[in-house]
C-alpha cells in the first residue's frame, strides 16, 4: 500500500508536466507547421532545421541544458519549469511535423474546389482545410500525447517530483528487497493505465473521423 | 583569477571524452537494434498469429513494452532484477531494457506495414491458388517493406536517442561523459550544447536519409 | 477544314465581330508544365446558352483547358474574353481580377470535392456567405431551393459521406450554381459514378441546359454529347482537332483521329 | 417464369441429367456477413464454353457470387459442381481440395491486383512456378506467349506502375490464363478503366470467348453482354431475378426490375 | 556571469554586534544565502535544519560577520551555476578548490583538506592503490566531479566507472556491480556506518604519486560570486578566526574524520586543470 501511495503522490506532477508541455507544443507547433509549408525557402529550411534539432537531440540533454545550463541572474529556471519548457519545445517540434502532414493529407481537390468557388485564401484555409486536417491528425496527436506522458518520466532526472522520482526515492531506501522494485513496477503499470483512456479516445476518433472525412 | 577559456578551446578539450561516449552510445544502440529487430519480428508474428493464446501473449508482451516509459523498464532491469538474484552490469541492463522497448515498437511497425498492403494482393494470391506462406513471403512482405523501412529507421533514431537514458545507470555513454565533464568544469551550458551537437551529428543526417528514403520508396512502383 | 482553323488566333483582333454573342472566347491558350507543353495554342468560342461538349482521349488536355478557363491554372500565353471581361494571360492578374473571373465560372469536378466536414446544406451555404457575402438566411433559402432542384431537399442535413456518389455530385452542382455563375464547367462529372446513378446527374445537367445555362462539359458520355450538346469539341495532344455539330461529327466523322477515337469508345 | 426457377435446388439431386455438359453448377448458395444474408440461395448453371454475363445494380451480390465460385469466400450453405468436382459448402474443405478447386478458376479483378513489385513477365511467371511447379524457362515461355496474345510482348519488363490501366488488366488476364484454368471469372474488368482503353481489354476477352473459354463476367458493358455473351444473368438483392438469352432480355425485358435496371443504365 | 551580486546591498543586521568586515554585499541584505548540498557528514539539508561540519563552520563565519543565514537545498550540479549567476551567496558540501571552478566562481581561504576513502567489501579490503592490481579489482566506482577522477582514469582506464550520484554508487558496491569505490573519506565513513560488510580505508595515509589528490589532497572552501570582494574578505577573516581559535580539529573529530585533515598548506592549494 505504502509504495502505491508514494508513487501516486507524484501523479499530479506527472499530469501537470504532460498537460502543460502538451499545451505549449500544441500552440507553438502551429506557426512551426506553417513555417514548414511556407513557399519562402530560407524560412522553410530554418524551421526545418529547428524542428529536426528539437527532435534529434535526446530529451534528457534538453532538460539538462535548460536546468543546469541556462541560468543568469536575470533568468532563473526551476527544475519544473525546465521540464515543462523542454518537453514543450520538443513537443512543438513533433506536433509541427504532425500538423504539416495533416495539411498535406487534405486532398488536393479540396484546395482546388475552394479556389474554383472563389473562396478567399484565409477563409478556405481555416474553414475548409484546417478542420479536415485536424480530423486527419487527431489520432496521431493522441498517440503523441501518450508518448509525451511516458516521456515526462525523464523529468525525474532533473529532480522533478513526479511519479518516477517518487518511486526512485522510495526504492532507494529499500534496496535489495521487493520494496526496492515495487514502486517502479507500480509506476510502470500506472503509465499503462493512464494511457488507456487516451488510446481509447484516439481509436474512437480514428474510426469516426475516417467515416466523416472522405 | 583565471578567466573563461574560449569556447572552441573548451570544446576541443572535452571532445575526446565525449566522442568516446558517443562510440559507447552507438554501440549500445547497435547491439540493441541487432537484438531488437528479430525480436520485434517474432513479437509481430505472435500478435498476428491465429492461435489466440499466442496472440494474446504477444499482445501483452508488446503492450507492456510500449506502455511503460523506457526509463522505468531500465530501472526495473537494473535495480529490480538483482532482487530476484539476477545481477547484471550497467551495459547489459541497458541493452535488455532498450532492446525490449525497441522490439515492441518494431513489432507494431511490422504489423502496420503488413496491414497496409491492400487486401487485393492477398486475394489475388488466393485466387491464383498460391499458398498462404508463399503469398506472405513473396507478395505481401516485399510490399510491406516499403512502408516498414522508413518507419524502422525513424524508430532506430529514437533508440539511439534513448541510449542517453543509460546515463542514469552509469553506462559511460555520451550523456554520462557530458555530465562528468560538466561536473568538473561547471560549464553546463557549453558542455550540453556540445553533447547535443554530438547527438545531432548522427540524428540529423539519419532523419534526412529517412525522409529521402520515404519519398523514394513512395515513388517506386 | 475544321471550324477551329476559322477562329482567329486572338480574341481582340476580331474587333468587327459581335462579342456579346459569346460567353467564352479563348485565343491561342498555351500551357506547359515544366517544359512540357500540354496546350499548344487553343482557341475556342462558346456562345451564350450553348452546351459545349469536349471529348478526346486521355491526356489530350481537356481538363487542363477547363482549368485554364476558370484560372485554376495560369496559362503561359493567350487571352480570354469571358462574359465580356477580357484577360491577357501574359500579364499578371491582380487578386481582385482573379476572383472576379473565377466567380463567372462554376466548376464541377470528377471527384465531387465536396467539403466532407460540412452537411450538404452547409456545402452550398458556406461559399455564398464568404464569396457573395450573403446572410445566413438568404444563403440557406437559396441553398434549399437549389437542393430541391437537384432532388435532394430531404438530404440537406447529410454529410457527404452519408450520400451516394450521384447524390454528392448533385450537391456539388447545387454548390456551384449557388454563386450564380455565368457559365458552368464540368470535368467528367459522371465518370466516377456507377452507370445507374450517372443518370440522375445527367438529368440535372440536361435540365440545366434546357434552362439556358452556358455549359462546357468534358465527358465520355457520348449520348449526352449527342443529345444535349449544341457544340462538340474533339481534342487530342493538346489541340482541338475537330469541332462542330455533335450529331454530324458523330454520324459522319471526317477527321481520321476523330473517327479512331469514336470507334475506340465504341459508338 | 424465369429459367432460374427451373434449376433444381441442389446439384446432386438431379442425377438423371448429364452433368458433363456444365462447367459450373451452383445449388442454393447462401452467403451471409455477420448476420446479413447477401446471397439467398442462388442456383446457376454455366455450360462448358459458354460466356455468362452477370449484371445488376450495385450491392446485388454479383461480386460475392463470383467470389463464392472460386472460394475466396466460403458460402454458408449450398453446393457446387465445378468441372466435374463436387463441393458441399456445409462441410469443411481440406486445404488440398480448396487449392484444387481454386486452380480450376482464373480470376480477374476490377482493380487488377497485379503484384506491383514484379515486372509484367514476373507477374505471369511467378504463380506458374509456385502453383504448377513449372520451371523458370517453361513458365517464361508460356508467359511470353500469353503476353503476346494480349498484345503486350513489348511490355514484359515493365512494372505495373509503368503500364496504363488497360495494359495492367491485360497482364492480369494473362496471369490468370497462365495457370490453365477451366473457367475464367471477371469482376467488372473494365469499370476502373477509361472507355477508350476498355476496348483493348474487351477485345482480349472477346477473343478468349471465341477460343471456347468458359467465362463468367460481371459487367456494366451492355454491348459486351449482348454481343459476346451467350447467357445473361440479372441479379438483384442477392438473388437471380432474370436469366436467359442476352439479346432477348435486353430487347424485350419482361421482369419489372430488369426493365428498370436496363433503363437506368441507359440502354 | 561575472560581477558582483546585482541585487546586493550592504548592511549589518544584528545591532549589538561588530562584524569582522563591514559593508558586506550579499544577495539579501544582512543575510547569507547558502546552498546546502546533501553530502553527509559535511553537510545535509535535513528538511531545513541543516547539519554537518561545513554547516558548523558557515554558522561561525556568519556569526563573526553579524550575518543571518538562510539555507537552500542544492545539488552539486547546480550550486556552482547558482553562485556564478548570483542566485545564492555560497554553498556547502565538501567543495574542492579547483582551477576549473575558479574560472566560474571565487574561493576564499581554505579551511580543511579533503580526504579520500577506499570502500570495499570486507574480503577484499583495499588499503593502497597497489592492492587494486594485486587483488584483481575489476571496477572502481568514482563520483562525477571528484578531483581524483581524472588521475584515476589515466592510471586505471576502463576500470573506472563514474556515477552521477553517490547513492547509485553505494548501491552498486553493496550489490556487487563495482568492487570498490573511491569516495570522499567522510562521506564513505558516514555511508557505511552500519554496514559491517564494507570497510572504509583512509587513502591519504599511503599517498600514491600517480594520484595527485592523495599526495596533495584538495582543499575545501566556500565558493562565492566572482568579484564580490567584501564577501570574500568576510569569509577570509571568518576562516582565519576559526583556525586561530583552533576550532577545526575538534570539529573534524566530532564528525569522525582524521585530525590531519586540518593541516592546510600555507598558500592555498588549487587543484590544477589536468592537461
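Going in written order, the chains are labelled A, B, C, D and E, and every chain counts its residues from 1.
Methods note: a residue touches a chain if its C-beta (ideal position, glycine included) is under 8 Å from a C-beta of that chain, and two chains touch if they have at least 3 such contacts.
Quick caveat, the model's predicted, so the values are computed rather than measured.
Peer 1: Which chains, if any, touch chain D and chain E both?
Peer 2: The common neighbours are B.
Peer 1: Check every other chain and keep only those touching both chain C and chain D; list them.
Peer 2: Under the touch definition, chain C and chain D have no mutual neighbours whatsoever.
Peer 1: Specify the chain most distant from chain B by Cα centroid.
Peer 2: Comparing chain centres, C lies farthest from chain B.
Peer 1: Could you tell me which two chains share the largest number of C-beta contact pairs?
Peer 2: Pair with the most C-beta pairs in contact: A-B.
Peer 1: How many angstrom lie between the centres of chain B and chain E, each centre taken as the mean Cα position?
Peer 2: Inter-chain centre distance comes to 40 Å.
Peer 1: Whole-Å distance, chain A centre to chain B centre, using C-alpha means?
Peer 2: Between these chains, centre-to-centre, one finds 19 Å.
Peer 1: Using Cα averages as centroids, what's the distance between chain A and chain C in whole Å?
Peer 2: That gives a centre separation of 46 Å.
Peer 1: Going through chain B residue by residue, note those that touch at least 2 other chains and give them in order.
Peer 2: Where chain B meets two or more other chains at a single residue, that happens at 79, 82, 167-168, 179, 182, 188.
Peer 1: For chain A, jot down the residues that touch at least 2 other chains.
Peer 2: Each of 68-69, 175-176 in chain A touches at least two other chains.
Peer 1: If a residue has to touch 2 or more other chains to count, which residues of chain C qualify?
Peer 2: Where chain C is concerned, no single residue meets two or more other chains.
Peer 1: Going by the touch definition at the top, which pairs of chains touch each other?
Peer 2: Going through each pair of chains, those in contact are A-B, A-C, A-E, B-D, B-E, C-D.
Peer 1: Enumerate the contact residues on chain D facing chain C in the complex.
Peer 2: Chain D residues touching chain C: 57-58, 194-199, 220, 223, 261, 264-266.
Peer 1: Which part of chain B faces chain D closely enough to touch in the complex?
Peer 2: Of all residues in chain B, those touching chain D are 118, 120-121, 123-124, 126-131, 134, 138-139, 142-143, 221.
Peer 1: Note which residues of chain D are touching chain B in the complex, please.
Peer 2: Listed in rising order, the residues of chain D that touch chain B are 70, 72, 95, 99, 102-103, 105-107, 109, 111, 113-117, 126-127, 130-131, 159-161, 175-176, 179.
Peer 1: Which stretch or stretches of chain A touch chain B in the complex?
Peer 2: 52-53, 55-62, 64-65, 68-70, 150-151, 153-154, 156-157, 164, 167-168, 171, 175-178, 180-181, 184-185, 187-188, 191-192, 195
Peer 1: Could you pull out which chain B residues touch chain A in their complex?
Peer 2: Within the complex, chain B contacts chain A at residues 63-64, 67-73, 75-76, 79-80, 82-83, 157, 161-165, 167-168, 175, 178-179, 182, 188-193, 195-196, 199-200, 203-204, 207-208.
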